[in-house]
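I have placed the structure first, in the form of structure tokens, so that the comments after it can refer back to it.
Labels run A, B, C, D and E following the written order; every chain starts at residue 1.
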Amino acid sequence: MTNFAAGIFHGPESALAAAGTLKGAGYTTPELMSPVPIEGVEEVLGEKKSVIKTFTLMGGILGGTFGFLLAAGTAVLYLHPTGGRPIITIPPFLIITYEMTILFGILFTVLGFFISARLPVIRERVYLPESAVDKFVVTVACADDEHFKRAEAILRDAGAEQVREVTEEA
Amino acid sequence: MNVSIVPALKALIPAALVVAVVLLGLVVGFWANAAFYPGTSPEQPIAFSHKIHAGENEIPCMYCHTQARRSISAGVPSVSKCMGCHNEVATQRPQIRKLKNYWENKEPIPWIKVHDLPDFVHFTHKRHIAAGIECQTCHGPVETMDQIRLTDAAPMEMGLCLNCHKQKEVANGLDCWTCHK
Amino acid sequence: MPNIDRRDFIKLVGAGSVGVGAGFMLRETIKHPTEQLIPHVIAPEDFSTGIATWYNTVCSMCAAGCGISVRTREGRAKKIEGNPSHPVSQGRLCALGQAGLQVLYNPDRLTGPLMQTGQRGSGSFAQVTWQEGLDKVADRLELLTAENQGNRIGLLSQGVRGHLAQLFELFADQLGSERLLHYDFDHPHTLYAANHRFFGEARLPYYDLKNTRYLLSFGADYLGNWISPVHHSLGFGHSRQGRSDVRGRFVQIEPRMSMSGAAADEWISAKPGTEGILALGLAHRIVSEGHYSGVDRDDWTTALSGYTTDQVAEQTGVGADTIRRIADTFVHTEPSLAIGGGSAANHSNGVDTLVAVNALNYLVANIGKPGGLVFNPEPAGPASQDRQASYRTMLELAEDAKQGNIEILILNGTNPVFSLPSAGFEEALAEIPLIVSLSSFMDETTALADIILPSHTYLESWGDDFPEPGVGFSIGSVSQPVVSPLYNTRATGDIVLQLAKQAGLSDAIPWSSMKDFIKDGWRLIYDRGGLDTQKESFESFWRSILKAGVWGEKTHRDPAFTLDKRVINSIAVPPPEFSGSSDAYPFILHPYVSTTLHDGHAANLPWMQELPDPMTSVVYGSWVEINPATAGQMNLKEGDLVDIESPHGQIRAPVYVYPAIMPGVIAMPIGQGHVTYGRYANRGVNPIEILSPRVDQRTGALASSATRVKIKATGRRIELVKTGGNSRELGREIVQTTGGKASQGHSAKLNSIPITVVPT
Amino acid sequence: MPEAKELQYADIHRDVVRSIVETGPKYYITLGTAIFVTLLCFFFPWFYQLYYGIGAAGLNHPQVWGTYLASFIFWIGLSHSGTLLSCVLHLTNSSWRKAMYRSAEAMTLFSLVVAFTFVMVHLGRPWFIHWSLPYPNQMEMWPNFRSPLLFDVMAITTYLTGSAIFIYMGSIPDFAAVRDRTIGWRNTMYTLLSLGWRGTDREWHRLHWAYTFLAVLIIPLAVSVHSIVSWDFALSIVPALHQTIFAPYFVVGAIYSGTAGIVTVMFILRKYMDFGQYITKVHFDNLGKLLLVLSLIWTYINMVELFTGWYSGASTEHEALQYKLFGYYAPLYWEMILFCAVAPLLCISKRFRTSFVPMLILSIAVNIGMYTERFLIVGTSLSRQYLPDAWGLYVPSLVELSIILGSFALFSTFFLIFVKIFPSVSMYEVKETMSTPKTEPEAPPEGNPA
Amino acid sequence: MSILDRIADGWRKYRKPGYYDEFDYHWGMTVDLDRCTGCEACVTACQSENNLPIVGEKAFAEGREVKWIRIERYWEGEFPDVKLRFIPMLCQHCDSAPCETVCPVSATYHNQDGLNTQVYNRCIGTRSCAVYCPYEVRYFNFYDHHWDSPLDQQLNPDVTVREKGVMEKCTFCIQRIRQAKDVAKDDGRRRVRDGEVQPACVQTCPTQALVFGDRKDPESQVSKLMNNPRTYRVLDELNTDSSVVYLKKVEDDHA
């Protein structure tokens, strides 16, 4: 069970500023919740390495290999010569390879997205529904009341319209 | 406020349970039909036992299924053939009386096909007998069966044919037109 | 795990049951239906399951008498093929012959004896037993015979040969009836008559197409349905490309291109009915150019003086150059052969035309030579040509019936109500108190019968045949049942024998079955035979015939022949006469026997109905063929329905624009227009209905091509059912050809290219 | 935004959520009609055809392919603008895409589904369609990967998967937004659909990347899909079908008809879902320009096709060409030229492009023309092949016409259900285009947007 | 043999055009157009041998007839110099068959006898093979065909009756070929003799225009005819490498 301080902001700039301040004050990385993506988060909260592109690449390579092996392998498993062509015909099999490359690329991208974005959310996480509409929310984990008070102050200073204490159930 | 998909998943459990039970039932029903009403071991007009004839008395298959070695079909013995023995043997048993009725009324016995291939499969007994294939390879251990049925060992499916043709490296044995024409 | 209370539990049980039920039913619906093995009570000797048995027998689909082999499996006939050892068919068979299976398995077959219960023609029949049916007929027969009124019994059969014909003879004789007639629409009466006049015998010679190098055909569709199409086709193929050094050439003279015309190297359209004049024109050219040097040369010169090339060109519409060229080629190519028949013979001058054709053969001395015309020996078995009724004879029969001179008419397979034009045959039948039909099908005549005693089809019955014409030597073949009868029918011969027995004629006709009768007949042939055959016993002879399906005597006739001078002196072909004036009826109707449906008796066979007409590709229907120019003038297109009116009636049919027909002629196939003949046959129109009753004066044969008609557009149209999309090649070189001349320098191996070089 | 009153985040939210949860009788009547028409005109004739055989359609020899295949291409074509356009515009960062792309992508998805049903309708034995998929079985049989039809199977499966994932990924934040405003089964559904999305900076960041990668992957995929569909024809040796230009021709045609389809759908959304504030003249203006360009390219390729056919001098090509231009189906050909090559020239005028009703009429005309094009490709070429004796004529049967009509109802049914589940305007992307909220967010705008 | 060698071996084997080193038999047919009279005996023979349906007038009018061999007819010229040329058209059993590649489920392929197979029970009815075939000799079952009883008793038990939704075409009477091979095996022969097997159409052809045999056997009648200078293939420009070879009709213009 963890308590969080959640500051609700009108605009992204102030929320971002608050998050920056919190981070500077030694809090574990505060989270920003917003109805739209906010630009410049990385400058404030630091670079985020995405693994998605690796996944996409791996998926593509895997898919391509699978596609060609699928086409060529099944052709060899039960021989049905057609049209005076070889059993392993390159151009048509390349098309299958191509499609499989893309299919696996897509699937792995999604997988990468889920993993890196930590979706779907199994464990209960703090959330303020306002952030889906038009509010910008900064949450930060607070170990005890004192931490909370400090955080509240920082948030209010940054222009939070409201600061709430929310609890994340285990 | 917190968010998680778990409560939503929990809310779905009753519905999922119903679906799962229906699917399970489907499988059970499907299986039950096959197990208890298979149509592959039907009640024959006369309860002829291969176990007695082929098993205990060791009558060779082709004594009755005379055509197997020269025709595409193995053939069933004519009533006269049955009567050939049963004029003398076991004449008083109820099943034999049935047989006698057919014979006296000059009616053929409407045996029901057990090893029934679809019409698009043209199997030839002759070639397989000539190649020395045991009857039991495809028909299962009929000499142990009181009532003829399909067995799992020989399910009479295409895979069975293909595997054997592959193993024995039958010339053109994998050409579809070998069986389907 | 959620708590499951009782309601939930019941719900789940319900869901499970639904699932089980659905799964059960699913399996049930995808199951194969159970099949039964039905063994025999006693295993038959002559077949085993899964193994085909072949029987040799005789085709009865037309008068050619081809030998056939029938493939049977599990006691059912599956396929008919030509019998390879039979000299007529030599293992080959035409479409019609193959379709014989559908005679056997026709869904519209009569399945048992019937008795008319309502008005004649009402189609209300009641099933009766054979005994009832036979009794009724036999009683009347017995009564009439006893009263010496036997001649009041009429027997009208389709053309049959062999021992069935003999049985009919015997039967009629014992009944005391002289009214035994065979009637076929397309029987070549004029050909028999012309041969009788020219050669002095009323039998057909063998036309040796196989060895000929130049064939002139005057109207005879020898590849389609003239006399023996399969045998002619064999000859045609061999003549064309079967010899390494020579390629036979074929010329067809007819107003509307037939199949033979399409196969020919040259197709010439002479005015309808002037084919004989053209033949004499050719003869004139041959004689006047000095190519004929027989002793009777002067007689010929005199007789042919009226047929100079220019006169003939004028009368026939064939160019003088063409006449000269053909005549010269005909003389210079050895052997050459002229045949005539079909439409050329179906005119008022039919016999004269065919005599003129024979004269051509005489003038090039190809009589008795290979590649020419070979005389057949006497047939080994009974023949029936003299019983063949011409149109005139049939009119007389009708007249007799109207006079009340006929009390019983027994019909066997013939259908005069359908195939006799303007004869009033239907009215005549109304005057006959008892009509009995032995037909296997409800044809138009059978529909008027009082009692129907349905026959087996030829594949179920015993019979035999002595093909006429033979193949230059004497042959005979026995037909045997290849399947057990499908229905409660009996073989024609057996019915006749049974009637004879019941009518008290068993002293003269003691046989109990047709098989015995035939066997006894063949015993005579066996006894007559030389040492060759008598080496074996009759039984083994008989078995070997049944096995081979054919028996032959390699005896050839003496080819010598002298021509009576009177024939030469009387040789002349009068211009054809037509009914109807050319002003009121501008077109000459050219009805032709359909290649697929024959004279209509094959119209109930679905394979034949669905077989595209060879020339037009039309199926399932009637049509009228019109020259493209004529159609253009009349603003007619394919499918336009027109009324075709002759002085004798009117029919309606769609137009087919036919590129190879003369402008003043329209053609229609005979064969459709049935009304009671079954589900496949009842369609189209029957052009016989509007034919004029004009006959060839010498024979009384119907001059079926002598009707004039007019056509009137109805303004309505239908889509002709046919296969052909576009009948022009558009330069795509699908059917490639090679020219005779052009290819000579082409390759060293051009053996099969014609080498017949003719000075012109 | 050219609207008088500036929109707020909350307005969008409210409008979109309202479009999902507030359902009037008009919607139910429409949905009911659509389902009824689908059953009556699509499924009933189809089941009849399953029972009776493909003979229920007007197909014959040599015309063994007909409207079913034409419809298949048409629907595949219609699918081509949604996701493809959306991807292109996403990568080029065009702001006008944002209000319309969701429904455009839905169009893709449902067109593909309808196209797949046409595959089923087209097959002689659809109950064995699984044989065209590679899976181990006791028959030891595999599909033939050399077949252009199998390219189709692979490409369309991939495209369908890709499109579904793409539209879903783009909708996750919106699902989350709707989730908070709903209760009961909807809440459960949206909770699951949104996967617990919270809109954190990490999630946004990852979504952006994944979304961009998907867009990059889908563009070549979409191009390949219609190329492959064209190869069903172009890899044959049927005169007038084995053309190298077919792949670009089909791709352009697909985008063309898809764009026209988007115009139609935009109009309907705007009119009946009260999205007038989000779907504006700007969209129609841009789509109009796109239509014009595509129409010109399409006309060009069409002319090239005719020219090369004519110039070949081959009898077969000539005949096929002549049949197309002057044969039985010539009126349809000229109708197609009028609708697809001439009518879109109106888009030169800006006034035309920004008028809603004329654009709707044009878009429908273009799609009728494009359907005709597909029909002519299948319908005229096969009936004039190499052997003139085997030429034939094909006239669609009532069953076919009914199934075509029914397919539109089927599509509408899908779409009607879609608008009630998916936020049909992408909320967060529209929000992105707006200025961030003012400090007085509590003052809602007066009245409902027009 | 190492794995790599085996892969290389397989690669060579499976990369060979047409796959087969050599056909077991190479069945072929010649059609002498100079002999063909268009009598259509072959059409009926095929219909009765191969259980071709009777489709009825309506279906025929709709173009749904099934004729594995058909006679095409082409008129040339105008009256009176008019000719009608016939050409029997049947599956050409092309060695480079356009129809084979397109089947998604391998229901049609080339077997080791050089035959273009059609496996009815595998067919799912895409009809694309019929589109790809330039000879238009593939026929589709638009319905379940029906034989009015007792016409069904004629059906050949060696040939499957096709159900609705599948494609069918000429098989060179594969049931007869198999039968002949069976007989040869019984006799202890390795090969079928020339002339021992004939498809129904060839068997019946009254003018002997059709000849069938093994093209691999140089002594067979068909091989000899294929050396005839009159030979050509229909639509040869499409490089289908067909097994049915036509012999040109001779037209010598009244020479």
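To be clear about the criterion, a residue touches a chain if its C-beta (ideal position, glycine included) is under 8 Å from a C-beta of that chain, and two chains touch if they have at least 3 such contacts.
Here the structure is a predicted model, which is why all the values come from computation and not from measurement.
A.B. asks: Counting one step per pair of touching chains, how far is subunit D from subunit C at the shortest?
C.D. replies: So the least number of steps between the two chains is 1.
A.B. asks: Of all chains present, which has the mean Cα position farthest from that of subunit A?
C.D. replies: Using the mean of the C-alpha atoms as each chain's centre, the farthest one from subunit A is C.
A.B. asks: So using the touch definition from the top, which pair is joined by more C-beta contacts, A-D or B-E?
C.D. replies: A-D
A.B. asks: With centres defined from CA atoms, tell me which chain sits nearest the overall protein centre.
C.D. replies: Taking the mean of C-alpha atoms per chain, the most central one is E.
A.B. asks: Once you find the CA centre of subunit A and the CA centre of subunit B, what distance in Å lies between them?
C.D. replies: That pair's centroid distance is 58 Å.
A.B. asks: Distance between subunit B and subunit C based on Cα centroids, please, to the nearest Å.
C.D. replies: Roughly 52 Å, centre to centre.
A.B. asks: CA centre of subunit A versus CA centre of subunit C: separation in Å?
C.D. replies: 87
A.B. asks: With chain centres taken as the means of their Cα atoms, state the distance from subunit D to subunit E in Å.
C.D. replies: 42
A.B. asks: Please list all residues of subunit B that touch 2 or more other chains.
C.D. replies: 3-5, 118
A.B. asks: Indicate the residues of subunit D shared as contacts by at least two other chains.
C.D. replies: Expected reply: 140-144, 146-148, 150, 195-196, 198, 386-390, 392.
A.B. asks: Would you please write down the residue numbers of subunit E that are in contact with two or more other chains?
C.D. replies: Residues 65, 72-74, 98, 101, 103, 106, 109, 122, 235.
A.B. asks: I'd like to see which chains touch which, written out pair by pair.
C.D. replies: A-B, A-D, A-E, B-C, B-D, B-E, C-D, C-E, D-E
A.B. asks: Given the complex with subunit C, which residues does subunit E contribute to the contact?
C.D. replies: It is residues 32-41, 43-45, 47-49, 54-55, 57, 60-61, 65, 67, 70-80, 82-87, 148-151, 153-157, 200, 203-209, 227-230, 232, 234-235, 246-255 of subunit E that touch subunit C.
A.B. asks: Which subunit B residues qualify as touching subunit E in the complex?
C.D. replies: 118-120, 122, 124, 126-127, 130, 171-172, 175-178, 180-181
A.B. asks: Can you name the residues of subunit B that touch subunit D in the complex?
C.D. replies: For subunit B paired with subunit D, touching residues are 3-5, 7-9, 11-12, 157-159, 162.
A.B. asks: Which residues of subunit B touch subunit A in the complex?
C.D. replies: 1-6, 174
A.B. asks: Okay, in this complex, where on subunit B does subunit C touch?
C.D. replies: For subunit B paired with subunit C, touching residues are 10, 13-14, 17-18, 21-34, 37, 39, 42, 67, 70-73, 75-81, 102-103, 106-113, 116, 118, 125.
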